[in-house]
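The two complexes that follow have chain A in common; it is paired with chain B in the first and with chain C in the second.
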Partner chain A sequence: MTKMLFLHISCGLGLVSAFWVAHNFYSLTLLQNPAKTLRTLWAVEASVVILLYSLFRRNPDQCSYLRAVLRGLLGLPTGAVVNALGAIVLGAPVGIQHFEKTIHWSLLMSVLTFVPAACVFGSCWSDWLRVFAHTEAIAACIDWIICIGAHGAVIGAWFGAWPMPLDWERPWQEWPICVTCGAIIGYLVGLIISFGFVVFHNQKQRVKGD
Partner chain B sequence: MSSRRAFWRSENWGGWEWALAVFLGIMLLHSLAILLFTRGFLLTRSELSKYSQCEDISESPCFPPNHDQNANASCWTKPAVDRLVIIVLDAIRIDFVAPSAFFAEKKPWMDKLKVFHELASQNQSSARIFKAIADPPTTSLQRLKGLTTGGLPTFIDVGNSFGAPAIIEDNLIQQLVQNGKRVVMMGDDTWVQLFPHHFTTSYPFPSFNVKDLDTVDNGCITNLFPTLYKGDWDVLVAHFLGVDHAGHIFGVDSTPMIEKLEQYNELIKKVVGVLESQSGPGGLHENTMLLVMGDHGQTLNGDHGGGTAEEVETAMFAYSLKKPPTPLPAVDDNSSCQLDMHGKWICINSFYQLDFAATVSALLGLPFPFGSIGRVNSELFSLAGGTWNQDMSTSDDDQNPWKVESWLQNYVNVLCINSWQVKKYIDVYSSLSLIGFSEKDLLHVSEIYAQAQELWSITSKNFPLNKSQSSFASLPSVKRLINAYSRFLESVAALARSNWTEFNLKMMGMGFCIMLSSLYLHVYLIKRLDKLCGLPTCHSGYFRSFFGVHFPYIVVLIRAFSFLSNSFILEEGKVAGFLLATTAMLHLRDAIMKKMMLLEAIALSLLVPLLRIGIELGQLKQAVNSLFLKLDPSKTSGIDNNSQFWMYFAEVLPILALTVIAYLLYKSLACCSSQGILKYVIVGTLLNYLLIPIHWATDSSLLSVPMLLGGGNLIPRVTYAAGILQLSLVIGQIFVRKRSSNWEESTVVKALALLSSWSSTIIVLSGKQGPLVVIGLLIGGWCIIRLKTLGQNAENSCSGSSLSYALSMTQWSLLAVCVFFSSGHWCAFDGLRYAAAFVG
Partner chain C sequence: MIVSDHGMTESGNHGGSSYEETDSLALFVGAEKFSYAPETNNKAHQVDIAVTLALLFGVPIPRNNVGTVMAEVFSFLEDEQKLRILQMNSWQLMRLLQTHLTESGCGKSSCVSGSGKTGAERFCCLYLDATALHENYSRSGYANDYRTVALAYHNFLRTATEWLSSRATDKPIGLLASGIAAMLLSCLGLMSLLLLFNQDTHFKNSMQKWHLDEIFIPAVIFILIISMGSSSMVEEEQYIWHFMTSSLYLILLRRAIQSKASHYHQIYSVITVLLCGRVLRGWHQGGVNWSYLPDISKFLEQSGTLHIKSLQLLSTILVISTCLLVLLALKLRKRVAIIFVLVYIFPVLLILKQIFQYQDSIIQIIYAVLGISTVGIFVATPWLMPLQNLQTRFPFGGIGDSVFVIGWCYVFSWCLLQLILQQPVNSMPTSLLLMQIVASIRFFSDRDLHVKQWVKVAALYYVGMAGHFGLGNTNTLATIDVAGAFVGISSHSTIISGILMFIITYASPMLVLLSMLMNVFNKDLSAFANVQNIDFGHILKMILGYNCLVPLGLNSILLLSYTIVLLLMQNHLFVWSVFSPKYLYVCATTACVYIGVSILSLTTAYICMVFGIRVTLKRNRSTERLPCQ
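Up next is the complex of A and B:
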């Protein structure tokens, strides 16, 4: 229980502190320098996520902590490719001037969606399917956290794309900015919901146990 | 679909006739809704066929012109000019004419018409540049109508049929003819369509061919100069189209545009030279006025039609050959002045095109057109207005203040007549027209008019009726009167703008409500049908399947709400692509879950970005065109090898795509035989497909196929003819119903024949991207149909219900929208595809 709370809080704080680091140490903001800010964001958040989620790895007897971390590191670029492809299919601009921003954005998305699952499940395809496709058959708490967080980030990013075609001519309507904001807000909301689920789940089990 | 077919066969509910009645009823409801909506949306204005008459002036409270002094025909006002030369340069932007000092940045197309700058800075009192502000819609026909009638034409005026756009309202040209003036026209043949019987001489040239930059202009020039030396006309109209066409084809920032502007510079210089040479006392052009004007502006892409500043702001240049000895003061100073490149002051005034008809009528001494709601513009009026008193006052050097006052009184009188006529029009219009003005607005306007009229009756007692009297109204009181009249005219113009350029919300709301109710009826009928055919209704137990059922409705709702925002409409193609991609990705997820039909889902997902590239290419079309023009002369040698390959590739790719389509058609033909005529129809389409690449080959310069078939128009014409023939055959076949045993197959073949019979025409019309788009559509359609079964398997409980088709139907409509946009259309006037008009 406390472990879960710790996981949630540190994931949320990771993002916030990443913003703080970017702002205070490198004096970067998302508006003026999206690519570099995104780089800081994903670097900080990735270290937090990989180190923490690797603690919750499946089959901890057969798989060492180091290996889980390695899996997470491998999952990072793979997830980025998937996210980038998805974004392009949905209408992200393609072009050399957007290339860097797209890469950093998809790495961040990968940290929020792909990396936790990679750390926990590794390459076990059935586990992935169980969590992301058959969302009904979920048993463990960690599955809920991964599933809801990832869905929150993706749905948030999807909604974040809505203001892009409006003709308000604001700087934040540029390609990765409002989508990033949407994704982060969605992820944070997802964290809150998933914590609620965990509490609910625990209580139910306790009732059953009694 | 299958449920409906089952219902058709089941005949237990009244059978055929009843079903037909239901469909017809729904169609009727739909068309009623659309009709009501468009009535409110497309603005309408009644045209009154009343004409102003010379004698009407006696009804007005104002002073009629003095007949004893002016022997020549003067009607409502004292004529200030005898002859008028109007040169219309289509689609002239204000920054073509005004000096570049007026704009933040100097662009290559500025300062090309230097002749205006010279004239305006040398003759401050007799020449002036105006920034003319047009009212949307900024298309040539509507603008010419607005200029000559002095009203605000909408896209569809009541009483205007599409075939014969001749103006039936009172207008400037009509007044000219009515009062014995002779009008000569040359250039754009739109004028002849608008005024079929008015011109004594006309030299019309076809305006439709946008690619032709010179025919109209050269025709104009060859006729213009001989006519200028003749004395058998009073008003000359020359309409040049070169700039408009250059804009449509090449854009503003292009060499042809600059060449055109330089040509016009020389032309205007020559015209002014001719006029000045004849302007001595007793000469042909002693009291002539030259007006050079644009009918509307254009965007940088060369498009027009809308209401943006670029399209609305055009220019006018006025030059009176009889120079007034002293500059007259402007009544309301709205001019802005700047130093030009040679350090001389040039002033620019703004001028509403609405005022054109009234001002020109006042200058020529004609009755104002009955429907004119413009105001006589003081600056334009003053350019020639100073010429009245020249004959009368012999020693005028020390009588300057006298002259100013006299001019002002004259102007007040003209404004009085102007207001009287506008008031009369408003009264008549609101009594005759079905959709008039609101009571409150009318009352407000009447009050302002009454105030002004009261002031007039006080002030005008002091006016001198002729020169011998020397008592004057004081200057401030005259100015007050001018302000009162201006206020009245401005409020009328504002009222008319709001009434004729804003939508009728009540009508639109009614149409919308009927549309919604017809949709409800639809859903109700479908549910009823389902129940009747014994299909299980859906019970959405889980959140998941609930989401699955209702997701398409959510998508449709999102799309519907996106139409509420203007910017979403401009990006409609992208929004549709976004939603389509979302549904495709959900399908992909389903496919991964079930481990089936992965290929289709991936193909559908990949199709969307490809279509998006098409959309973006279409939007870039004109920019790319002008880019290539600039690159070509400099870099041809450098990129030769590389671009040669790409150009060949671009030539061959559509032909390959067409071959694939033809092969698919052939295969579908082979699999279901036995339908006599329809089979020949499809074979005919295949033959057409063979002809189309030949047409492209003869068109393209790369493959250099000799022109075998007598001009490039033969093949498209053959295709059109064959298409019409095939279509009529197919329709004939559909109505000759045969009781065939195999219902499904015959329906498929009929649909196929119907599609194929018009496909060839459409492919020819949409040019080389046509077949690529068709291939995209085919692949998309195939994927959607395949994936439909996937969705059905997912919800076994409600498979077969008509509502379970909702997702694939939504996808299909989104795909159709994407394809529409990726074939080079988009929702703006500039999105119209001009190229299609040149195929055959």
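Up next is the complex of A and C:
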């Protein structure tokens, strides 16, 4: 229980502190330097996520902590490719001037969606299917956390894209600023929901145990 | 003169009817000093600008002007000239009033007492008063009288402009209400039919859980309607359709991965739809605000005709090979398949020739040949198709085969027609659209996925709407391809040009509606036919039910909600520039859906009729033979 609380709080704080680092050390803001800010964001959050989720790896006896970290590091670019393809299919701009922003955005999305699963499950396809496609009922707490967080980020990003076609001529309407904001808000909401879920789940199990 | 187009609220919204948004600036700068115009509180109505500008430039006042001249702007003139300006404005307004009020010209006799008059008489008297005073003034020339004359003119102008403005915004509420009620009734009727039909076909498992894609289909329409309330979303509607359609297909991709029974070819089909859709989105930037951004069509136009020609050739080959593959996948009898291929060889060769060398006479031949071969296949197929399907041995599988083949023929002919009519840059999007449709139908043809039939039809409809914008259409009238409407026409005819313009603009929704015939699968029909008996009513229902009801229902929801949006937006600044053209498009889409649906139902009814005749003929023949044996 305390482990789960720690996981949630540090994932949330990781994002907040990444913004703080970007703002205070490099004096970057999402509006003025989206690419560089996104780079700081994913770098800080990736270290938090990989180090923490590797603790919760599947089959800890067969798989060492270092190997789980390595899986997370490998999952980072793979997930970035998947996220970038998804965004481009949905209409993200393709072009040299957007290239850097798209890469850093998809790396951040990969950290929020793909990397936790890569750390925990490795390359076990049935586990991935269970969590992301709900082929079977999900039992373990960590599965729910990964599932809700990732879905929160993706749904948040999807809704974050809505103000982009409006002709308000605001700087935050540019790709990928509002999509990033949507994804981060969605992820944080997902964290809150998944923590509530974990508490609920534990209580239910305790009642069953009694 | 400097004017801004509109104001803006603090949050950046503009175009609404709040004070901040409707308030805008008009600044007149002249060589003369405006002597008595105070620096603040110079308010004018927007309608006053036209007449003021006309008089400043010395051109005639527009005939339908309802505004009054801004007198402050002319303060540099002599009294006599000022009165002349007021006189011209009054005269124009009086003429406009006379067109509205049918009563004949002004008689001097009735204007004795000032009060208690209505309508034409009141305006008449005010006008005559002013002109009489003006005449007096011109004769005598007392400076003191100027004020009285100007006051009289202003009096008339104010009353006239108020009456005319209120008249211009007057609406026949009874007619509007009955129109909306009719639309609402038809929408409700279609929806309840759809519900009844759904209960009829899925009566066994009505309490099943809804899948994500089934929830998403109505969500698309809901989100679209919500965003139609914003003028910039109407201008950039192409983004919404593409975004929603791609999201829908991503959900379907998730479902294909989810399903244990799915095959790789299904996943490839969905990915084909998604990729083609993205290329289509990038082909024309579209919209209003970002239409200057680079896109593929602009790049091609810059790189010269050679590239465009080769791409046109490539897309023609793509269309032909896709259609051939579809025909081969049906596994008809060899002789039958060869007949279909032979029918199309001649028009295809002509089109290829036309790409290299444009000739009006050839295009007319192509129109004729395409028309004849389409009608010929439509008429002949149900008679020639064997009653039983060769592969599956379904009794009366020939009905499903005929429906599919005729649908294939419609789609192929329509695509070939588009290759001639559309601009050369648009030939590739046409073939991409065809690939999207074929890939979707291939994806839906697998029954193991259990995608509901109405989801399939709605997904195809959305692909068609996204493709409509992918072919470069927008919600402004400027993107209608007028030049294409004169392709291959030797003499000017408004009706034929109009039809061609409609064919070009609604290429994509129509293609989708025609392809609905290919969306009927033999396996679904087999339940209603066995060796002895055939239930034509059920077969007609299976073929036409969802394929007609879903497009009609979706379109009626859009039509109704857009009519309401338009009425709510009647005071919006962009009602003429954004919402009205969009409404014209919505109406034309409705016409397109009705035409497509009637083609579908005519075709299916004809096929069923022919098969009915053939079945009875066969039965008669066998009963005649029986006694002899």
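Points to keep in mind about this one:
Keep in mind that, in the parts below, the second predicted complex is superposed on the first by the 208 of 210 C-alpha atoms of A that agree within 3 Å, B and C clash if a C-alpha of one lies under 4 Å from a C-alpha of the other, contacts with A are read in each partner's own complex, and residues count from 1 in each chain.
Keep this in mind: contacts are C-beta pairs under 8 Å (C-beta built on N, C-alpha and C of every residue); 3 or more make two chains touch, one makes a residue touch a chain.
Source: prediction; values computed, not measured.
Once the two complexes are overlaid on the shared chain, A:F19 sits clear of chain B and of chain C alike.
Of the two partner chains, chain C is the only one that A:R170 touches; chain B does not reach it. Looking at the shared chain after the overlay, A:V89 reaches both chain B and chain C. Shared-chain residue A:A161: touches chain B and chain C both. Touch criterion met: A:H134 reaches chain B and chain C at once.
When the shared chain is aligned, no partner comes close enough to touch A:F197: not chain B, not chain C. In the superposition on chain A, chain A positions 86, 88-91, 94, 129, 133-135, 158, 161, 165-167 are in contact with chain B in one complex as well as with chain C in the other.
The touching residues of chain B, counted against chain A in their complex, run 542, 544, 565-568, 570-571, 574-575, 577-578, 581-582, 584-585, 589, 592-593, 605-606, 608-609, 612. Chain A contributes residues 86, 88-91, 94, 129, 132-136, 158, 161, 165-167 to its touches with chain B in the complex.
By the touch criterion stated above, chain C contacts chain A in their complex at residues 12-13, 230, 232-233, 235-236, 239-240, 242-243, 246-247, 250, 254, 257-258, 260, 274-275, 277-278, 281-282, 287-289, 294.
Taken together, the chain A residues at the contact with chain C in this complex read 86, 88-91, 94-95, 129, 133-135, 158, 161, 164-170.
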